[in-house]
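Down below are the structures I want you to see.
Below, chain A partners chain B and then partners chain C, in two separate complexes.
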Partner chain A sequence: MRRFQAGATLALLFVVLGVVAFPFYWMVLSSVTPREALFQPPYKFIRLDFSLGNYRELLFATEFARYFINSLIAAVGAIVLNVVAATLAGYGLTRFAFAGKKPFAFGTLFSYMFPPMLMAIPLYILFSALKMRNTYTGLILAHMAISLPLNIWLMWQYFQIVPQSLEEAAWVSGASRLRALRQVCLPSARPGILSVAIFSFALSWNDFTFAFILQTDRRMFTLPVGLASFVEQTGVHWGMVMAAAVLVSVPTFLLVFFLQRYLLTGLRATG
Partner chain B sequence: MAFSVRLERLDKRFGRGARAVHAVRDLSLEIGEREFFTFVGPSGCGKTTTLRMIAGLETPTSGRIWFGGTDATELPPQKRDIAMVFQDVALFPYMTVRDNIGYPLRIAGLPRARVDDKVEKVAATLGLADKLAQKPGQLSGGQQQRVAIGRAIIKEPKVLLMDEPLSALDARLRVDMRTEILRLHRELSATIIYVTHDQVEAMTMSTRVAVMDQGRALQIDPPRTLFRRPAELTVATFIGTPAMNIIQAAVMPTPAGPALELLGQRLAVAPRHHAALDGLKRVDVGIRPQALRLVPPAPGRITGHVFLREPLGLEDEVLVETTGGARVKAVTASGEEFPEGAAATLDFAPRDLYLFHPESGLTLCHGTD
Partner chain C sequence: MNPRAERRVWVLGTTGPALVFLVVVAYLPIAYAVALSFFKKTAFNPAMKWTGLDNYRFILEEPELWNAFGRSVVFTVGSVGLQLALGLVAALLLNRAFRGLNLVRSLFVLPYLLPSVVVALVFQWLLSPEYGVINQVLIQTGLVARPINFFGGLGTAMWAVIGMAGWQYGSFATLLILARLQAINPKLYEAAAVSGAGPLRAFWDVTLPALRTTLLVIALLRGIWMFNKFDSIWLVTHGGPLKHTETLPLYAYRLAFEEFDFGLAAAACSVMFVVLLGGAVIYFKLFDPTREIEVGR
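Entry: the complex of A and B
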């Protein structure tokens, strides 16, 4: 019975794996298939006419590299600002008593419920007035607006499980509050900080709404908007779009691959 | 040199309105240089809050804290020249034992070589020499507590604060660590201020003990005085194991002065205590289990049957149920006659009785007087 259960579990996992992995496989396969061969029947699961032509075209004939850099700047900016702001806010919420703490915490979570579209249009008007459309700063701030609330919530939960006595032990040892935070609190909260970083990256990297509305200048497009523009042109070059999709998933894949250990502990702490 | 610590009308409230907690009430006392001073009491009595105020981790609502001649009330913990051992050990989990013990010195800016030197000396006295490269998570509870003590004493603090440092250890280890802490107290020449809920720890280690209840110090005295001359009923029942028996007695006027009606036995009161009983209709009588003996049943005296006998080795703890239904505990030699169920009379010397005021609980007369 036990062996049957194990076997059934394994079979189910393989089915799920197939469902998840096949589109991914098809994406990679299409990206290395020459343009002429892509829509030539019969369609086969294994093709051998390997070519990097799509990638060459993508990198040298389009603005892809620029979009990639734009996305990277926005994502790195969002990660850095989110980590700093969420860590300090989470620490403050657990360690200091101040008026309006509860409303603040619930307001934070409430603001996370807004769909991005609801904020995008007011932000368009606001950033127009501030001349912050088509700037990295504007885009980073917009991305923070959607990721920071949850990140603060996350770090708040995290600092609650770091015992206050650790910091107090550092204080009576002579450490200042900032030093105790840095040397004693932050190492214990590291899984939380990494979760914040990954979450901020994912939201920024995948964001379409804000980038589409705020970045009207072609040179400021991010990857999701840039990729969409490939599709809208007459005659979609699917091989190239797939090559772009592969390159877009590489950073996400690397990040999750190297940080999955921390990501899992992070999810456990909040769940 | 160590310095004295003086608390002057210290008061601490937490919260406001209906949920406010008055943790420490108008506490004044002085702890002398190099004294081993213990705050003992049940949980919630204010002992830990008092210690945290001395450490600078809580700010008093009112009152002052003096370290020697300087007013330390407003000093942050970093500037107090104290060290503290925490109840939950509070070792830094990501640092090795070496880095944990050396942390205060590294903050003070000592060069690495000097820090290592001192860490090794402290580790040697605490039996941790071979553990320096390990992380706290790899150590046993007793070893972790030693590391925490090492971190506290490495800076040679003037005042060492200990907040229930042994409560997380098992019984056997606790006894060993008690000896160790006493040895440190002799070697360190520091003032030690110790908090515990365990009266045995308080009695065995301290030069003086403050018995706390509901934010007040009920009595501050050396352990022996607390045991022999408790100031009130709460102290009398808290100090000593098994706890002192408390029995209600009626005060009967007789031509020769007041007498006590105690579980059916009439007892004359010595003339020097007559004044204390003046105007009282009843008193609470206390007698320590060690002051009671079992003898064959005798008329006119406190009689009952052995309800439960718990052998402790040399002695037995015996619970006697009197004919009136009261239960009284006695400590007797083990293996004597009077097994469970046997009838017996409780024998005692009247001068071993303590008398307490029925309302205030204050001691009216001490057993040894």
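Entry: the complex of A and C
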């Protein structure tokens, strides 16, 4: 009976792992399967006739490169603004006593729950009036709306564990506050800043809703919007679509495997 | 500069940018949407005209809003329930020391961090009626006679969307539950065993009470997000077939960008906002996450 139980548990574990892993496996396998083979089911689950034809087609026959650049510009913009705003806020909120911190904390956490659609419709109207649709600035600002609340929160918590005694020691030896901030405080806050950068990147890179609503000009599409447009046509080239899905997921894979320890700090709650 | 003035400059200089951004990009649009819901404004006639509660009267009297609301509830309850169930089963299975646990954990973070568009495309491909591998397996094993149109069938679309969301976010629940499981004091299980409790009894008396808060937090936060989820659903069904997966955010989208009535869309957004506010109040009341920071300094 015990043995049977252990066997059943193990079998169940493999089923769960299979359910989680199979979509990844199928995505990667399809991306390297030649187009003709994908139009001729039934498929084999293991195949060795790999081809990079889908990737070649994706990179040279579609606008993938342009979408990639757009996504990258938006993500870099979001990282820079988030890091600056969240780091400064984290420092100020932990180093000075002033009224209104509690409402600020509530306001930050509440805005973290705002769904993209709720902000995207009014932003569409406002940005139309301001001629900011289909611009990088507009998209970066929209992406700030989803990432800044979490990032302020992360840095607020992080600066609480950066000891103030280090800065105080720097002041005693004659450094100004600014200099102590730059040379003592910021270096010790580096892991927190890195998490902020990662989350800003991930939320911007993954965003579909804002880019879909605000960037209506094909030349301003980001990767998620561009990818979605690949399946709007009839006769979808699934091998190429899967190749695109693999390439868009690469940053996610890299993050998970190299930076897991930073991720866990902020994993608590992303949209 | 005297020290007080200098301090003020520092406080404003450090917290100002974040505050301005938050207000401008997050709060201002929502306030604008709420204001807009009292006006008539369409894409063809951009001039705003005050109409009071007309927009609300219109959408609240229409069955469409309530249908969408109901679908949001079904999608939320279904997908959050599935996430919790999958998360609990997977976490209990993984809660043991074995080689490769770290690798497995990495695998479980992946679905959650993937862009929604990737998940949507992969599931469309897996579940495609013509070329989908799932249908192939179902037919080959004789479970079904004809391929199932998962995302396109009236009876299946909502379930398929719920299943997809369960896959993507269930892994997240797994990680949180696993972390909590590993923090349970093993002595509690020993005590339960000594007092004669079997594994089921121990699960009921030790494991579940320890997980209560974690499960509640996941249910609440994920519930808030799932209720307002747009991208995953839109990408696989566009709200179809015949609006069978049109939840509230998709309804608001349709009003704004297919019927071009921004006033009505804003009213729908305000309804979403009220629901969100309710969820947030419950969350803050129950857990007060602001305890995590010191505000008294």
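To be clear about the criterion, the second predicted complex is superposed on the first by the 236 of 271 C-alpha atoms of A that agree within 3 Å, B and C clash if a C-alpha of one lies under 4 Å from a C-alpha of the other, contacts with A are read in each partner's own complex, and residues count from 1 in each chain.
Criterion: a contact is a pair of C-beta atoms (placed from the backbone, for glycine too) under 8 Å apart; a residue touches a chain by one contact, two chains touch by 3 or more.
Keep in mind it's a predicted model, so treat the numbers as computed, not measured.
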item: Fit or clash - chain C, chain B, common chain A; value: fit
item: Contacts of A:Pro163 with chain B and chain C, given as first, second, both or neither; value: first
item: Contacts of A:Val231 with chain B and chain C, given as first, second, both or neither; value: second
item: Partner, of chain C and chain B, that touches more residues belonging to chain A; value: C
item: Partner chain in contact with A:Ala175 - chain B first, chain C second, else both or neither; value: first
item: Touching partner for A:Pro187 - first (chain B), second (chain C), both, neither; value: first
item: First, second, both or neither for A:Tyr136, with chain B first and chain C second; value: neither
item: Least C-alpha distance (whole Å) that remains between chain C and chain B when both complexes are overlaid; value: 7
item: Shared chain A surface residues [contacts with chain B and with chain C]; value: none
item: Complex contacts: residues of chain C adjacent to chain A; value: 7, 10-11, 13-15, 17-19, 21-22, 24-30, 32-33, 36, 41, 86, 89-90, 93-94, 104-126, 128, 130-131, 133, 136, 140, 167, 171-172, 175-176, 221, 224-225, 228-231, 235, 249, 252-253, 256-257, 262, 265-266, 269, 272-273, 276, 279-280, 284, 289-290, 292-295, 297
item: Complex interface listing, chain A residues touching chain C; value: 9, 12-13, 16-17, 19-21, 23-24, 26-27, 30, 38-39, 41-43, 81, 84-86, 88-89, 91-98, 101-102, 104-111, 113-119, 121-126, 141-142, 144-145, 148-149, 152, 156-157, 160, 177, 202, 205-206, 208-209, 212-213, 223-225, 227-228, 231, 238, 241-242, 244-245, 248-249, 252-253, 255-257, 260, 263, 267-271
item: Chain B to chain A touching residues, read off their complex; value: 55-57, 76-78, 80, 82-84, 86-88, 90-94, 103-104, 107-108, 148, 151, 155, 161
item: Chain B-facing residues of chain A, complex; value: 163, 165-166, 168-176, 179, 183-184, 187-188
